[in-house]
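Scroll down for the structure; my scribbles are underneath it.
Letters are used for the chains, namely A, B and C, taken in the order the chains are written, and counting of residues starts over at 1 for each.
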Amino acid sequence: MNKVLFSSVSKKFTMALAGLFLLLFLPVHLAINLMLLKSDPEPFKKAALFMASFPLIKIIEIALFAMILIHISWGIFLQIQNWLSRPVGYAGGNRSETSFFSKFMIWTGASVLTFLVLHFFNFYFIKLGFVEGDPEDFYSVAHNLFKIPAYNYIYLACFILLGLHLFHAFSSAFQTLGLNHRIWTPVVNAAAWVYAICIPAGFAFISITLWLFR
Amino acid sequence: MKLVLKIWRQKNADAKGTFATYRMDDVSPEMSFLEMLDSLNKKLVEENKDPVAFDHDCREGICGSCGMFINGHPHGPVPAITTCHLSMRYFRDGDTIWIEPWRAKPFPVIKDLIVDRSAFDKIQSAGGFISINTGAAPEANSILAKKKNADDAFDSSICIGCGACVAACKNASAMLFVSAKISQFALLPQGRIEAKERVREMVEKMDELGFGSCSNSGACEAECPKQIKLTNIARLNREYYKAF
Amino acid sequence: MDAINKQGKKAIENKYGNLFEMYKTITGIDPYEEPMRIYPAGHYTMGGLWVDYELMTTIPGLYAIGESNFSDHGANRLGASSLMQAAGDGYFVLPNTISNFLANDIRTPRIQTSSPEFVEAEKSSTERLNKLLSIKGRQNASSFHKRLGKIMWDYVGMTRNEAGLNKALGMIRELQKEFWKDLNIPGTAGELNMELEKAGRVADYLELTQLLIADALDRKESCGAHFREEFKTDDGEALRNDKDYAYVAAWEFAGEGKPHILHKEELKFEEVEMKVRSYK
């Protein structure tokens, strides 16, 4: 049974499921974050409180954390294994036609991870009590962070790289799950474009607005 | 036309290997790529030098023996053909051509451009067959199959096992090959009987031999000389999950 | 061009699309615009090893199946039939016949490499390889192969005649002498050596072609792919001589340099009458 659960195909399957879960999570997070744009902090605070206390959400939060861990662990494991599958590279170069962003998933993923760590220190660890700060007022925390130019540079760069990561991830997840169809696959690929542009754009919009226009 | 060839030379599996440069002065554009290498080897033997070793057999694009990385593409820059079908017409006078063997851990180099592809045979032995008694066969028309499935199975069955997919893939994954071999049976009633064991065993063997995993990059489909499609990989994935 | 005009390009594309693509890739000519250049080529040898009804050769325990034997198609193998023969022999016949030999062999223990037969076989194989390697001439095996092919194409091809066959025999004997004097194989037998492999095959072809010619000279009729110009009908079709030549010619190796011994397997038809196939 182990051989099946931990085969390369199963590992990719798990990564795809975890990835899809994350793809569902991001729009929800964006929707809440957009409330940061309101001058009244209350809607954001209410939403944040809801997310922090509602029992079902707490369960999903644990699942999300686990998914992130699995996605990252298997991702790194498989990437290293893949590097080892070709110990000697092509001296004359490999010009095989490949989906461009698929070649850099480990790197765009690493940038997402870097941002995630930064993000945890800024918010989640405050909530968990590891870092000093007011867990009740993330509205102010966010607004203050977006006043720092350097934070915005990092934020925007990471979200561009996130977009590149998501572009390949979206279509790839469906293929890995075996969901390939004459008609629906082109639809999925179109949706990938839309998703990979709109979600990062949404987060970037918040950053630019709070940084430059308030 | 005149050409400069940069060819990988490696004495045997334990040797380090390096590129050697050869200048050809008299290559006819009518020659096939392998004929061009033949004429190089003729010269080398006449000078009592070691000729370039490369795999070839039918020279007709169907046996899967020939295969080398030519200027960054397995089987050369022209899509949907094997090395033996590559005509020198696609190169210009004065061109430099880089020629390397397939690079992948499960395909160790034996000599020069020849790699050991017995890994593919091992995967096939693990499940690329249906188990029936030989010596007699039931009436073929008594086992009904959908025409679409038969056609799709045919499209998967034309995989010649050359290994270009592994060579092109950034992960040296064999998923296109394995999925083609699984698909040709999965689509037909005779193949359904052992479908679960087949996909489990072949994937296990593929992993064991050290091929990489699939990132859905698509280089394999783009470079396959027989135009095997990525839908086969999706089918392998579905079959695998059904076989949990 | 006629067909394209009559049926439309789409119809032709449906029937021959793949073939036309391949043609264009290899020759650079668009077959939809210009007529295709077709030329015949020899790409297999007819006939094969003699086997009995169990597919065993004259060497006990050595079976030859598929295209390597003569059984299903005799001396006149048609194109694309080799797959059928491989499948037929391997799937239907051999599973039923090989057990007959193996049943008698079941008590034979594993053969040791110290057995005299093995030692002798290894010695003669090594000698043969060394003989090829030691020539140290100048030409590679493929050069001889090409020249041999040209001789066969010119004189032992689609049509043959006595003078041509004899001339070819002489030329091949000369070529064979030159082969054993001027062949060059770099490298050794202890490593992967493609030149050595090719040389071994060309050495065999030099012998086999002489047998093909001997057989063609012996069969003084036109039958199947063997077309003797001296034996044809008034309108140029093959003229068979069933009275004298209704047999399978099985040639036995009689030793180095000696002519092969002909064994005739008479073809006796009891229920059917032999007819002449008409292509008109």
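We take it that contacts are C-beta pairs under 8 Å (C-beta built on N, C-alpha and C of every residue); 3 or more make two chains touch, one makes a residue touch a chain.
Keep in mind the model is a prediction, meaning the values are calculated, not measured.
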Identifier of the chain whose CA centre is least distant from the whole-structure CA centre: B
Reference chain C; chain at largest CA-centroid distance: A
Centre-to-centre distance between chain B and chain A (centres being mean Cα positions), rounded to whole Å: 37
Computed distance of Cα centres, chain C from chain A, in Å: 64
Chain centre separation (chain B, chain C; CA means) in Å: 28
Residue ranges of chain B in contact with chain C within the complex: 11-12, 32, 38, 41-42, 44-46, 48-51, 53-54, 61, 78, 80-81, 85, 87, 89, 110-111, 114, 134-137
Interfacial residue positions of chain C with respect to chain B in the complex: 21-22, 25-28, 90-92, 95-96, 138-140, 142-143, 184-187, 191-192, 194-195
Residues of chain B touching chain A in the complex: 6, 8, 19, 69, 71-74, 77, 98-100, 103-106, 168-173, 200, 203-204, 206-207, 210-219, 222-223, 230-231, 233-241, 243-244
Chain A residues touching chain B - in the complex, by the definition given at the top: 3-4, 7-13, 78, 81-82, 84-99, 102-103, 105, 168, 171-172, 175-180
